[in-house]
Amino acid sequence: MEREKIKKLLEDVKTGKIGVSDALRVLKSLPYDDFGFAKIDTHRDLRKGFPEVIFCKGKTLEQITKIVERLSSRNEFIMATKADREIYESIRNIREDAIYYETAGIVSIGQRERKKTTKTVLIVSAGTSDMPIAEEAAVTAEILGNAVERLYDVGVAGVHRLFYNKEKLFNSNVIVVVAGMEGALASLVGGLVDKPVIAVPTSVGYGASFEGLAALLTMLNSCAPGVVVVNIDNGFGAGYFAGIINQMEVNE
Amino acid sequence: MEREKIKKLLEDVKTGKIGVSDALRVLKSLPYDDFGFAKIDTHRDLRKGFPEVIFCKGKTLEQITKIVERLSSRNEFIMATKADREIYESIRNIREDAIYYETAGIVSIGQRERKKTTKTVLIVSAGTSDMPIAEEAAVTAEILGNAVERLYDVGVAGVHRLFYNKEKLFNSNVIVVVAGMEGALASLVGGLVDKPVIAVPTSVGYGASFEGLAALLTMLNSCAPGVVVVNIDNGFGAGYFAGIINQMEVNE
Amino acid sequence: MEREKIKKLLEDVKTGKIGVSDALRVLKSLPYDDFGFAKIDTHRDLRKGFPEVIFCKGKTLEQITKIVERLSSRNEFIMATKADREIYESIRNIREDAIYYETAGIVSIGQRERKKTTKTVLIVSAGTSDMPIAEEAAVTAEILGNAVERLYDVGVAGVHRLFYNKEKLFNSNVIVVVAGMEGALASLVGGLVDKPVIAVPTSVGYGASFEGLAALLTMLNSCAPGVVVVNIDNGFGAGYFAGIINQMEVNE
Amino acid sequence: MEREKIKKLLEDVKTGKIGVSDALRVLKSLPYDDFGFAKIDTHRDLRKGFPEVIFCKGKTLEQITKIVERLSSRNEFIMATKADREIYESIRNIREDAIYYETAGIVSIGQRERKKTTKTVLIVSAGTSDMPIAEEAAVTAEILGNAVERLYDVGVAGVHRLFYNKEKLFNSNVIVVVAGMEGALASLVGGLVDKPVIAVPTSVGYGASFEGLAALLTMLNSCAPGVVVVNIDNGFGAGYFAGIINQMEVNE
Amino acid sequence: MEREKIKKLLEDVKTGKIGVSDALRVLKSLPYDDFGFAKIDTHRDLRKGFPEVIFCKGKTLEQITKIVERLSSRNEFIMATKADREIYESIRNIREDAIYYETAGIVSIGQRERKKTTKTVLIVSAGTSDMPIAEEAAVTAEILGNAVERLYDVGVAGVHRLFYNKEKLFNSNVIVVVAGMEGALASLVGGLVDKPVIAVPTSVGYGASFEGLAALLTMLNSCAPGVVVVNIDNGFGAGYFAGIINQMEVNE
Amino acid sequence: MEREKIKKLLEDVKTGKIGVSDALRVLKSLPYDDFGFAKIDTHRDLRKGFPEVIFCKGKTLEQITKIVERLSSRNEFIMATKADREIYESIRNIREDAIYYETAGIVSIGQRERKKTTKTVLIVSAGTSDMPIAEEAAVTAEILGNAVERLYDVGVAGVHRLFYNKEKLFNSNVIVVVAGMEGALASLVGGLVDKPVIAVPTSVGYGASFEGLAALLTMLNSCAPGVVVVNIDNGFGAGYFAGIINQMEVNE
Amino acid sequence: MEREKIKKLLEDVKTGKIGVSDALRVLKSLPYDDFGFAKIDTHRDLRKGFPEVIFCKGKTLEQITKIVERLSSRNEFIMATKADREIYESIRNIREDAIYYETAGIVSIGQRERKKTTKTVLIVSAGTSDMPIAEEAAVTAEILGNAVERLYDVGVAGVHRLFYNKEKLFNSNVIVVVAGMEGALASLVGGLVDKPVIAVPTSVGYGASFEGLAALLTMLNSCAPGVVVVNIDNGFGAGYFAGIINQMEVNE
Amino acid sequence: MEREKIKKLLEDVKTGKIGVSDALRVLKSLPYDDFGFAKIDTHRDLRKGFPEVIFCKGKTLEQITKIVERLSSRNEFIMATKADREIYESIRNIREDAIYYETAGIVSIGQRERKKTTKTVLIVSAGTSDMPIAEEAAVTAEILGNAVERLYDVGVAGVHRLFYNKEKLFNSNVIVVVAGMEGALASLVGGLVDKPVIAVPTSVGYGASFEGLAALLTMLNSCAPGVVVVNIDNGFGAGYFAGIINQMEVNE
C-alpha cells in the first residue's frame, strides 16, 4: 500500500526535506493506481479473497503448478476450475490442504472468509449430463459464502418434476439454470418466477445442438425479461454472478 | 388415363390388328407411369384435391395469374399461399369465387370435398406476431377438412395462459406449435402431452433470433420425443402434415 | 393417487373433524397436479410404458447404471439409446433380461405391452453408414408395437433401387427417411408418396456436409408438403413419432 | 381471487349444502393455480406493476392499439417498447396520459408505484449509435423505480473518457454496458469493477460485426467473471434485470 | 501482336542497326506476355469473342455506360448480365443494336461468331421462381453457340414431370440444373444420367433456405459423382461452363 | 432383360393363351424400368465399368468387406475411396489382385476397359498437405482412362512455380485445382486459361480456414467464369467429372 | 494541464497552507492521467490531428451535425466517413470549407499539417464495384499526408492487367488491396511482392460471397506471410494503417 | 541468372551464328521471369533469407524431412513452424545445428544475416494459454532481426497489469497482441497507443469462443483505427508482418 509512502512524501515536502519539483517528479513516477485507481482496490474487497482463479483448460500441468506455487506464498485462498484429478493431485503435492470437488472440477486451497447470507442460490439443471457444469456453479457460489440449493434433472421433457419442486423455485433468491439441449428450461423458469435467472448453456447434446449453440440462442431469445446468459459451459461465471448478487443486501 | 389405351392395344394384338413387335414398340413409348407408377396415382387420392398449391413468394403477379388460369380449367380446387391482397385481387379477376383468408395469406378457389373428422387439430402460437403463420397452418388444416382449435398468445413468458387452457391441449388429437423467439414453447407442449406435435419456427424476433434460426434449433433440440419440425415460417407444411395425420383413422 | 385423500378431507370438513380454514391450508399445500394436472397422467397412457428412456450419450457408466437400478424397481419396461456394448454389459449385470440391439445402439429391459397394428412403418435409408440411425428408428418403432419394414441403401445415386422397391413405399402407412449426405432422398420420397414422411438427417458425410447440417437444411427445405424433420442423428425421435402416428387409429 | 370461492365451498360442505363428491368435482374444475400455483402470484408483486410489456416490433398498429385498449381497462400501468412515433400517436388517441421516450422508443401509460432506492444503475454506452438501446435500458430501469446514471460515448477507441469518469463506475451499484462494434467495452468495465455488469450487444456496426453477433460473442467470452449477457438490442431486458437486482436489498 | 516487333528487333541486331545492350534493354521493357505468356492469347480464342462480360450488380448506371462505350469501340461482341430494363435502355442509347433478354437479365451487343454444335445443353429448373437464373444460363449458352433445350418447373415435389420428360435428359449432352429450395433436384438428375451436370443453387426460398445456402450445401453433398456446383444465382457461370464443355469435341 | 418376357406375353395374347385383362395385370406388375426407364441403362455404358464405388469413410471394416464380396461376384471392376491400409489389407484377403494407391487412399480391383484419349487432365495442387486429395483426383481420372499430368505445390505464396510451369497449363484439356488455405489458386488458374477448371477445396489448414469452408467460399466466388466446384475433399468427384468431360469427344 | 495545479498544491503543503492529509485527499481526487497516463497524450501526436473521425453510418443527421459543431470549436481538422451527399450538405451549412470526396464518402474540414513522404501507398482494387472502399482508403492515406497511387480493376479474372502494371507494385512502399468476390487478389499480390499488404474485403458480390465473408476468409487464409486484414468495407482503417506505417521512417 | 544467356543470344544473332527466326523461338521458350518478372527477384531481398518457411501442420514427418534435405543443400537459413519435438528431432538428424524454440514450436537452421534495429516489437498476450502463439510471433520477429519485448498475461480481467506496464507499450515501435477469449485486449491496446497493432486471435477458449472465431470477430470490429488482424493462431504471420514494418526505416 502506497498511501503511507505518499503521506511521508507530503510530510517531507512540508518539513522541507524534499523540494517541490523533486516531489512532483516522485509523484509522477508512482504506479498509477496509488492515485487515480485507488478506488479500484477499495472496491475490490470481494475479489481480494478471489484474487486468482486459475482456469485450467488449455494450460499445461507445469504451468498450473507454477501458478499455484506463486499464489500460494501470497494468498490465503486459491481456486482452480476445469481441473481433472491429475491436476488436483499435482496441486496437492504443493498444498496438502487442497480440496477437490470432483463433479464440479474445482480445486480449492485455504479457507475463504465467508459472508453470512440466509438467502439461497438455487441451481436448476435439465439433465444428468449437465451436472458437472451445474456443480461448478453450485460450488463456486458456496465458496463465495452463499447457501445453495440444488434441483437437478428437471428438463422440459420431465417438466412435472419442476412443478413438484416449485417451492424451491419460490423460496430461492437467485436462480441459475444449467441446460444443454433443454435450453427451453431457462425460459420456462424465467416465465414462472420473478427472481433473477442466470442461464448457462452447456455443450451437452448432439446434432443440431452444435456444441451448445442451440441452447445459447434459445436462452438469449427468452422472452421472460429476468433472464441473462453466460458463455457455454461457464458454470463458474454463473455461480460467481449469482453469488455476488445474492449477497448484495448483505454487503452494505 | 391410359388404361383403356393399353387394353385396346392388347385386344388389337389378340385380333391381329397389330403385330407383336409393333405392340412392343408402342408399349415402350408410353409414359412410364401408366405401368410402374400407376400406383402413385391411386395413392394420390388426397393430393388430387390438392393438386397444385401455388407458393406465391418469389413469383410475379403475371406468373401467378397464368398458373391460376391454367389450373382453373383443370381442377376443382386451387389454393395459393403467401398471397397478399394484390395477389388475391388479381386472382379474383379470373375466378370470382376466390376466397381470401387475409391473416393467413391464403387464397382458395372452389370447394374441396371435405372428409369428416370429429377430432381436432390444435394450433398453439406464442405471440401476436406469430399469428400469420399460425393462421396459415390453421386454414390449411381446415381446408383439408379438419376441425381446428386455436390457442394463441401463450408464449413462455405468459406460460400461465397455457396452463389455464390445458383442456384444449388434452382434448386435441394433433398439435401444431408456432413460435418465433419463444421456440421453447414447442418443448414445453411436447413435455406436457403425448400427442404428435409439429413445431413451426417463425422468423419473428430480433437480435440473436437470427430470422428464426434460434427457434428452429431450439425445436430440433427438444428432448420431448413427440416433436417434429418444419421449415421456418412454413405454416402450410405444418397444417398439411397435421391434417393428414389427424385424418389417418378416417381414411381407412 | 391423491383423490382419496382429498375426498377424506372434504368428509372431515363435513363432519367437523377439521375446520374450514385448516382445510383451506391443507388444500393449498397439496401437489398441484392432484387437481389441475391430474389429466396429464390420464393422457399419459402411452408414455407409461415408456417412462424413462435413458439417453446414454454424455452420461458416465456409473450414472447410467444408477438410473437403471432406480428405474428397475419401479417400471416394467426400460429402454436406453446411444448405448455401446460396454454400457449394455453394465446393464446386464443389473438386469439379466436386458436385450441389446447392437447396430441400433439400443438396450431394452422387460416386455412392453404391445398394441396390435397391421399397418407398417417403413424405414428408408440412403447409405450403409446411415444404418445405425435407421436401426435406432426401426427398433424404437418395433418396441412401441409397430410392424416395421426396412428399405436400406437406396440413396439418390442409386435411385433405381428405390424405384425397384416402390411397392414398399406404397404399402407402408408412415415412412421414416434416414440420410446423411443424401438429404435429397427425403424430398424424393416425399414427392412420390402422400404418406407422412419423417426425415432424419445424419452426421455421416464429410466436407460441406458439416456434420449433418447440409442434410438437415435440405430436408427442411423440401417442397413436398408431407415431410417433417427431427434433429440430426435422432433415430429414436423419428421412430417414436412414426410409431405413435402409425397407431393413431388403433388407439381409439 | 378464488380464495373466497373455495372457502365458501368448504363451508357449504361443512353445512351440508353440497355433497362431498360434488365438492370434489368442483375442486377439480377450478383453475390449477388457485391451489398449487397460488404462490406464483404472491411472488409476482413486482411483475404486477409490469403486467404486460408490449413488444411492438412485428405487431401491426391495429394489434398494438387493441392490446392497449384491453390492458387499459385492467391495469394501472402499461409499457410499450420498440415503439416509433406513429405507434405512440395511436396509443395517445386511446390514452391521453401516454408518455413517449423518443430515443428509447418507449411509451408508458399511467403511474407505476415507485420503490425507493438510493443506489444507482449506471448505463455505459460505447458510441452515439448505441444510444437508442442504452436509453431503452435506462428508461426501463427508471420506470422500475431505480436511480439511473448515464455514461455515454466511452467506447474503447475513446477509452480515456471512461477513465476520466471512473467515479461513476465506482459509485454505481449495477452497471449495464451497451456496445455494438465495441463489444470489448463490457470486458473492460468488468475487469475494472466488481459490480454486476449486464452486457447488451447492439446491432450497430458493419462488415464482420454481423448485426451484433461479433459483439455478442465478445461479451460472452469476457474473462471478467461478473459479466452476463442479454440478447442483441435487448435494452429492455438489461434495464429490467439491472433494475430488479438493484432493488434486491430494498425488497426485503 | 508484338511478334513482328521482336522479329524486327532481332533483324536490326543482325544488321547492326541496334547494339546488343540496347536490344537487351528493349526486350526487358516489353510487356511480359509478348514472350512468356504469348500462349495465353493463342489459347484465348474463345474468350476473344467474350472479352468483357459486364456484371451489372453493384455498378452504377454511369459506370456501366462508360464501360460499354469503351468496349464498344474495341470489340465486336459485348454482353452484360444482371441487367434490368433501365440498364438496357441506357445501353441502347449508346448502341442501337443492343438486344435485351428480359427474363435472363442479359443485354447483348453485336454478333458473336457462332460455332456449330448439334449437341444440346439442357437447362432444368425446379420452380417458376428459378426461371430468371435458368434463363441466364440458357441465354449464355446460346450466345456461345450451343443448342439449348429447356425443361422447367420439374421440382422434386412434381417429380413426375421430370420422368415424363426423361427423353430430354437422355438426349442432351450437358445438363444445367437450377434450383432454390429444391436443391435435391441436382442429386436426382445426377443419379439418373451419366452426363456432366452443373448445379446452380438459387437464392429463391424462405426460412432455412438461408438465401440459397441450403441448396448450395445439398448440391455440394450430392453423392452422384458427375455433379459440380457454381455460386448461388450464378446462371452465367453455369451456362458458360456448360457451353464450353459442350463444344469440346467441336473445338479440335 | 425383360424384353423377351414382354414379347412372349404379347405373343401369348395373340395366340389366346392369355386373356387381355390378365395380360394387363401382368404388365402393370412388371418392374417399371423394363419400360419407361430402359433407356437409363443403355445410357449407363460408362458407369457400367464404375458400378459401385465404395466410399469407405463411415463404414465398418466388416461392411466394406461384405460389399466387396458381393460386388466381386458380379463385376469386373471395383473401386474403393478414402481407404486406409487396413481396409486395403482386408480387401486383398478377398481379392489378391487388389491394387493400393496409398497417397490417394484408393483401392482398385480388376481391370477397367480403358478408353483412348490423347488429351490430358492436369491436376494442380497448392501445398504438400493437399496431395492426398490431389492424388485421389488423379488416380480416379487415370482409372477412367485419361492421361493425367500433375503440377503440385504451386500455391499462391509460391506462385512463380506456377508461371515456370505454364506449358502444362496450356497443354492440358481439363484442369483440376486442389487447394486448402490457398483457395485463391483456383481463381488464378481460371484467370489464366480458358479450359474447364474443376476446383476442389480441401480441409487442410487452420484457424479461419474452418475445415475447408474458406477455400470452398473462395472458389465459389471466383470471378473467372470457367470454374466449377465440388465438395470439400471430394477428389474422387473432381477426378471423375474431369475424366468424363475430357473423354467427351472420344465417346462419340 | 494539471501540472501547475499539483505544483501549487505541493508548495501549499510546504508553506503550511494546506495540511498533509488534506493534500492527500486532493491528490487522490485528481484525474488519473495527470500522473500515470500523462504519457498517453505525449505519444498521441499523430492522433491529435485526427482527434475525432466521425463514422456516419448509424448516426442521425442531427447527431452528426451536433458532433461537427462541437468539434468545430475545438479542432483544426475534422473528418467524416461513410458520408453521403446529404450529410455533406448539412456539414457545409456549418463549415463552408468542408470538402466532399464523393466516391470515397468522406467529408474533410480544415487543413491537416502534412508530413512529407516521398514513398507511396498503392491502392489496388479488383472490380469497379469495389471503388468506393478503395477511394475511402486512398483519400484517408492522402489526408494523412501520404503519396498515393491507384491501380484499379485488376481482379483475378483480368489478372493480366495486374502484370502489365507490375512496376506500380514494385515501386510502392505499402500496398492496400481492396476486393469483394475477388478476395484471391490479396493472396496473389502478397505472393508477388515483399511489401506489407493490408487487405480489405468488401461486401460487394452475391450468393456465397455472404456480404464479404468469403473475401474476408480468403484474405485471412492467405499463405503469403506479409498480408494482414481489416474489417469488411473498412477502407478508412486500411488507409489509416497503411498511412502510419508508410510514415514510420519519417516520424523519427 | 539468364541475363548473360540472352545477351549471348543477341550477340550470336549479330554475328550470324543464329538466324532471326531461331532466336525468336529461343526467346519465347525462356522462363517468363527472365524478362518481365526479373524485378520480382530483385525486390525479394528480404525473402531471400526466408525462402522456404515450412508449415509443419498437415505434413507427414517424411514430407518434412524431405523438404529440409532439399532446402538444406540450397539455402543458408531454414525455418519450420508448428513443429513439435518429434519433428525437431527428425530435423536434427539431418542438420545438427538445428535449434528448437519449444514453446514457439519453431525450428531454425543456420544463421540469418541480421539487420540492426534499435526499435522494438512488443508482443502482448492475454493469458497463459496464448503463450505458444505469442512465442511463435516473438521468435519469428527475432529471427528477422528485430529487438523483441514480451508483456504476457495482461488480459482484460487482469487489466491493471497492463497499466502497470504502460511504459512497455509507449516505448515500443510495433505491437502484436495475441489473445483468445480476451479478444478485447487488442481493442484496448489499440485505444491506448498510436502504434501499428497486429492482432492475432487464438483458438484458446471454450463455449462460444468457437475456436477463435469470437476473438477474430472482436478484433476485426475494433474501433481503434490502427489495428489489423491475421488468421487465428497465425503467430508466424503476425511476427513476420511486425518484423518487416519495424525494419522499414532501416531498409532504406
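Residue numbering begins at 1 within each chain, and the chains themselves are lettered A, B, C, D, E, F, G and H in the order written.
What we mean here is this: a contact is a pair of C-beta atoms (placed from the backbone, for glycine too) under 8 Å apart; a residue touches a chain by one contact, two chains touch by 3 or more.
Please read all numbers here as calculations on a predicted model, not as lab measurements.
Undergrad: Please state, in steps, how far chain D lies from chain B along the shortest route of touching chains.
TA: 1
Undergrad: What rotation angle, rounded to the nearest 5 degrees, superposes the C-alpha atoms of chain D onto those of its identical copy chain G?
TA: 90
Undergrad: Using mean Cα positions as chain centres, tell me which chain lies farthest from chain H.
TA: B
Undergrad: Looking at CA centres, what chain is most distant from chain C?
TA: Taking each chain's C-alpha mean as its centre, the farthest from chain C is G.
Undergrad: Taking each chain's centre as its mean C-alpha position, how far apart are chain B and chain C in Å?
TA: Their C-alpha centroids are separated by 25 Å.
Undergrad: Based only on mean CA positions, could you tell me how far chain C sits from chain D in angstrom?
TA: Here the centre of chain D sits 39 Å away from the centre of chain C.
Undergrad: Just how far, in Å, is the C-alpha centre of chain G from the one of chain F?
TA: So the centre of chain F lies 50 Å away from the centre of chain G.
Undergrad: Distance from the CA centroid of chain C to that of chain G, rounded to the nearest Å?
TA: Taking the average C-alpha coordinate of chain C and of chain G, the gap between them is 59 Å.
Undergrad: If you look at chain H, which of its residues touch at least two other chains?
TA: In chain H, residues 31-33, 36-37, 40, 55, 127, 163, 166, 192, 205, 207-209, 213, 216, 220-221, 223, 225, 231-232 touch at least two other chains, as defined above.
Undergrad: Return all touching chain pairs.
TA: After working through each pair, the chains in contact turn out to be A-B, A-C, A-D, A-G, A-H, B-C, B-D, B-E, B-F, C-D, C-E, C-F, D-G, D-H, E-F, E-G, E-H, F-G, F-H, G-H.
Undergrad: Name, in rising order, each residue of chain C that touches chain D in their complex.
TA: By the definition above, chain C touches chain D via 3, 6-7, 10-11, 13-14, 16, 20-21, 23-24, 27-28, 30-33, 35-38.
Undergrad: Name, in rising order, each residue of chain C that touches chain B in their complex.
TA: These residues of chain C touch chain B: 36-37, 39-40, 43-47, 53, 55, 163, 166-167, 170, 173, 192-194, 196, 198, 216, 220-221, 223, 225-232, 236-238, 240-241, 244-245, 248-249, 252.
Undergrad: Name, in rising order, each residue of chain D that touches chain B in their complex.
TA: Interface residues on the chain D side: 31-33, 37, 40, 55, 57-59, 63, 67, 201, 203, 212-213, 216, 231-234.
Undergrad: If we count contacts the way the header does, which residues on chain F are in touch with chain H in the complex?
TA: 127-129, 160, 163-164, 166, 180, 204-209
Undergrad: Could you please specify the touching residues of chain E with respect to chain C in the complex?
TA: 126-127, 155-159, 181-185, 187-188, 190-192, 205, 207-210, 213-215, 217-218, 220-225
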